[in-house]
Amino acid sequence: MDSWLNTLQTDTPQEGFELALKLARMGVKYTQPSDEARATLRDQYADDHAALTAASHVVAVNFQTVAAANNWWR
Amino acid sequence: MDSWLNTLQTDTPQEGFELALKLARMGVKYTQPSDEARATLRDQYADDHAALTAASHVVAVNFQTVAAANNWWR
Amino acid sequence: MDSWLNTLQTDTPQEGFELALKLARMGVKYTQPSDEARATLRDQYADDHAALTAASHVVAVNFQTVAAANNWWR
Amino acid sequence: MDSWLNTLQTDTPQEGFELALKLARMGVKYTQPSDEARATLRDQYADDHAALTAASHVVAVNFQTVAAANNWWR
Amino acid sequence: MDSWLNTLQTDTPQEGFELALKLARMGVKYTQPSDEARATLRDQYADDHAALTAASHVVAVNFQTVAAANNWWR
Amino acid sequence: MDSWLNTLQTDTPQEGFELALKLARMGVKYTQPSDEARATLRDQYADDHAALTAASHVVAVNFQTVAAANNWWR
């Protein structure tokens, strides 16, 4: 896998949240590397509330990590 | 996405809890950006106890982050 | 929503646990504000072990937050 | 509810783990107070691996809290 | 239950990971004490990817606790 | 099991994320040691969005541990 994560530091909380999203998606990509397969799956879960909540849960866990790395942008 | 998260600091724990709710919803919105699609899904899960508990779980995880950011409003 | 969360500080661990329960329920109430709808759902999940375990899980996550806020009542 | 949680301090890690178990069960009991109903549910989930894993998960989350409260019994 | 957990300290991260596994299994054993029943269940979930992922999740939560107890073996 | 985890320290966040992936997979391997059985299961869950999200969740939990061990690569 190419380099995609050099730092957990971000300028703003919002960029940190978006990095958390990226971490959640990369957690999927390492298991299912096919872009086409993931696009198909995304179409399915975008209308499935349990799946969207589960995705938001993973983002929340990663956001804890990123926020701590940034000392909560205090 | 427009700017929506400039700080994790809030004046009160309740505002922090409401920010945690917003983080949970934004975790969904980034995956399903359509307001209409999300409104339809919300109608479904508002009467589904497993879904409501799952939503509350994501809020709880985000509330951990916000509470730490505010030094637990001590 | 009226004011319902002014502090995370409690006198005892048990009061902290009960606050964690309240946080878990408020996480549901913000999504499903109808008292009647929530009462109906509670009747369903009170005899569903997966639902009860899931509810206890959310309480546990919130109890982590409350316990940290109180420096674990040391 | 009577007094059942006066401290998170325990003498040993094992007692701390057992307290985490108690916290997990109390999280259920507050929602389903009937001893009879909970006994019936326990008979069901004792032979359901998903339910047992979910129960162990809640214990693990509570054990994080109890271990931190005891400074990990270092 | 006999004594099985006297310390969270381990010499290496790997031993810590294996302790996290033990904690996950003990979380099950306290609810289902029968060795025979647990062996039957293990045969079922060893070929069920959702169950294996759920088991790995519980190990991960316990590993957080053990790693913190060991100051991350720094 | 042979030695596979000597340290949680990594040079970069990306290597830390990849270690978190390894921890998630080892959590499965200890329960299902057969390489063949795990390969079969992976083929199944690689096209199952709930399973991929669940896998990403476990990685996220382990990444919290690894990131803390590395002081978030600050």
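Here the chain labels run A, B, C, D, E and F in written order, and each chain numbers its own residues starting at 1.
Criterion: a residue touches a chain if its C-beta (ideal position, glycine included) is under 8 Å from a C-beta of that chain, and two chains touch if they have at least 3 such contacts.
These figures come from a predicted structure and were not determined experimentally.
Asks: From subunit B, how many touching-chain steps at minimum until you land on subunit F?
Replies: 2
Asks: What chains do subunit C and subunit E have as common neighbours?
Replies: Common neighbours, subunit C/subunit E: D.
Asks: Roughly how far apart in rotation are subunit A and subunit C when fitted on CA atoms, stated in degrees to the nearest 5?
Replies: 120
Asks: Taking each chain's centre as the mean of its Cα atoms, which chain lies farthest from subunit C?
Replies: F
Asks: State, to the nearest whole Å, the distance from the C-alpha centre of subunit C to the C-alpha centre of subunit D.
Replies: Once rounded, the distance between the two centres reads 15 Å.
Asks: List the centre-to-centre spacing of subunit B and subunit D in whole Å, with centres computed as mean CA coordinates.
Replies: 27
Asks: Give me the residue numbers in subunit C that touch at least two other chains, ranges are fine.
Replies: 42, 45, 50, 54-55, 57, 61, 64, 68, in rising order.
Asks: In which sequence are the chains arranged about the ring, given a start at subunit A and a first step to subunit B?
Replies: Putting subunit A first and subunit B second, the full ring order comes out as A, B, C, D, E, F.
Asks: Considering only the defined contacts, which subunit F positions touch subunit E in the complex?
Replies: 1, 3-9, 23-28, 30-32, 37, 41-42, 44-45, 48, 50-51, 54-55, 57-58, 61-62, 64-65, 68-69
Asks: Applying the document's contact rule, which stretches of subunit E touch subunit F when the two form their complex?
Replies: 12-14, 17-18, 21, 42, 45-47, 49-50, 52-57, 59-61, 63-64, 67-68, 72-74
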